[in-house]
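Below you'll find the structure, written out as structure tokens, and then a few comments.
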């Protein structure tokens, strides 16, 4: 395991050092050390079971919600350790948002209510009128034009691709600093996937994005930095073009040339 | 080649036996309904519903019993529903692991299997005597609430369990606290199922006579209960009293009372089943 | 990122936990009540009187406390009920789970479920006014209050319960087993009898135990149609109806019978949860 740092010059927002994660007695992440640059898209790639999902779930403290699961090591957001005893995981999750593999809009809420759900759930007082927030967030998620006449329709009445963008909007409405995405396009067809990939290039101007993906091509298309995981260890992490054209580790090269996967 | 073409004689015998087996309880139920309606119909009129029981069979009415049942069920629900739903939420959303939760679960399964008449014994000892509530509506409701509690908990638990796991994750990932997530995400989705459970528990409590008998609810009340601390009677008890009298006319009154009771329960149960099926279709 | 977990959250969680705790309190009340009164009872009556005597007459001037007649009466009605419910319920379950078309299933299941909603007092009335006279035409010596009539009606009452649980047990048998049998050339009947039913047996036994427990604990049907001292539950109903003064030995017989009933039904329920 080597200590690797992204080669960008931008500020480090998330610093991970010596992260170990466990499900009960089984260790699933080993000594992961990585710096995530602010306002970039960092892709996390690797074969099934290598710990990618577990890794990002440690970044918003969702990993520990599974009974018997725990982790050790430091994860710093803006310099402060998110696992310090004084930290409230609930408050943390408002700064680090998450989008899941399968779109999960709340079925009893309309499109509009879904967008506002994060704010209503956490009982935040809005500085601006709700309609403004809804429009702004849906525009940011590239969904406004498609649903602006259907804001009162149930969230689940949208197509799967639209539902995922709705979930992105919902996560963005809370104004997080970091957006974690766990294989967000896994349930989507190629056209819907393309919409989301286009979205990422605009989102990264405002948010720091860490995206787990099963597709190397997707990582190559959308990310600025890429981290390659294998069997719970971080093998290599660097600028995306560097990783895919001149990987430093033999195992990285084997993975990206399809020798295993 | 269809499967039916190859059915053996044994299979046809089996099929016939099955049809008889399915038909038999339905036939018995029909006989029951027809018998009860035929016997009770002449007695069913507005007077029956609005007047009190009397020594004269043809003037017997069930008004006080009906009001008693209404008040009883109302108070029972008010007691059992918050406690039952709260317990179900706790078991499903909070303390899911651990010895405490497992103890509670085993306990609920035990409670659900206790014969209803035994709740009457407990009510008699604890509510009527030890707590000094006397043979009052309040004691009756507390007793029935104990009976209804496991039903509500089990049904509410099922409804909560059916809520997809991903919705909880989405709520938590947005930074909601556990209660915010439960109240705003989980409960709205589980609501129809929970309501079904409440209706089923209520209809069960409505039809129960045994615990009330033991508790000492009066069997002949000429007026509806005046308040929570007054003696009371309930529909099934009134029917029981009429059924125990030898005169034919009282048997008619009992039949009429059964008709009223069954119609009410039928409506309640049909509503609950319709709600549950709608909830299942929506969740799918 | 502050660490102030709102006090409201903790209060809510405590409240919900207390609700869960109330369910334990209910069981505790049940057990304590029984124990207290039974203990007081046995301060004045010896266990031998209860277990050895064969006459139950606690309210008489010279009281006798032999519990067996009551237990026997309960056993008779329960076994009659099971004898009725087992074939009817099992065949219904087989029909719904294995033979019926989906269209039939869609209206049949809810209809049978509605059966379960009939109040027991209606069944009791039915037993007294319809079934007993009908039986008396076949068995002229049958007394007006007997255990045959309520036993049969109890069987009809628990049939939907047993049928529904038995159906669950049959549906739980993996389809792979059926397909394997059919692939070997067995008819559906043989597959059913030799593979599916044996595979479902633990579930079926469990279902039967639960249904029997329900029949055992049922009160109104026997109270109306069987007479006051025929079974354990009928006795409890009768004494509850009467005016036995509290605190007397006679009063405490209620709890002795109740405790015995509790023990028996608890035993059956436990058996149901851990089928051999």
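Per-chain residue numbering starts at 1, and chain names A, B and C are given in the order in which the chains are listed.
Methods note: a contact is a pair of C-beta atoms (placed from the backbone, for glycine too) under 8 Å apart; a residue touches a chain by one contact, two chains touch by 3 or more.
No experiment lies behind these values; they were computed from the predicted model shown.
J.: Listed by label, which chains are in contact with chain A and with chain C?
T.: Output, common partners of chain A and chain C: B.
J.: Can you identify the chain nearest the overall CA centroid, using each chain's own CA centroid?
T.: It is chain B that sits nearest the middle.
J.: Which two chains does the highest number of contacting C-beta pairs join?
T.: The chain pair with the largest number of C-beta contacts is B-C.
J.: Could you tell me which chain lies farthest from chain B when each chain's centre is the average position of its Cα atoms?
T.: So the chain farthest away from chain B turns out to be A.
J.: Between chain A and chain C, what is the gap in Å from one C-alpha centre to the other?
T.: Here the centre of chain C sits 54 Å away from the centre of chain A.
J.: Just how far, in Å, is the C-alpha centre of chain B from the one of chain A?
T.: Result: the chain centres lie 48 Å from each other.
J.: Taking each chain's centre as the mean position of its Cα atoms, how many Å separate chain B from chain C?
T.: 16
J.: Would you pick out the residues of chain B that each touch at least 2 other chains?
T.: Only 177 qualify.
J.: Name the residues of chain C that each touch 2 or more other chains.
T.: In chain C, the residues touching two or more other chains are 5.
J.: Multi-chain contacts only, two chains or more: what residues does chain A have there?
T.: As it turns out, chain A has residues touching two or more other chains at 90-92.
J.: Which positions of chain A touch chain B when the two form their complex?
T.: For chain A paired with chain B, touching residues are 60, 62, 65, 67, 90-94, 97-98, 100, 102, 104, 106-109, 117-118, 120-123, 167, 170-171, 174.
J.: Along chain B, where are the residues that touch chain A in the complex?
T.: Those in contact with chain A are residues 96-97, 164, 166-167, 169-177, 180-181, 184-185, 188-189, 282.
J.: Mind listing the chain B positions that touch chain C in their complex?
T.: That would be residues 3, 6-8, 10-11, 14-15, 17-22, 24-26, 28-29, 31-32, 35-36, 39, 82-87, 89-91, 94-95, 101, 103-104, 107-111, 113-122, 124-126, 129, 146, 149-150, 153, 177-179, 203, 206-207, 209-210, 213-216, 219, 236, 239-240, 243-244, 251, 254-255, 258, 261-262, 265-266, 268-270, 273 of chain B.
J.: Once bound in the complex, which stretches of chain C touch chain B?
T.: The touching residues are 5-6, 8-9, 12-13, 15-24, 26-27, 29-30, 33-34, 36-37, 87-92, 94-96, 99, 108, 110-115, 117-126, 128-130, 156, 159-160, 187-190, 192, 210, 213, 216-220, 223-224, 233, 236-237, 240-241, 246, 254-255, 258, 261-262, 265-266, 269, 273.
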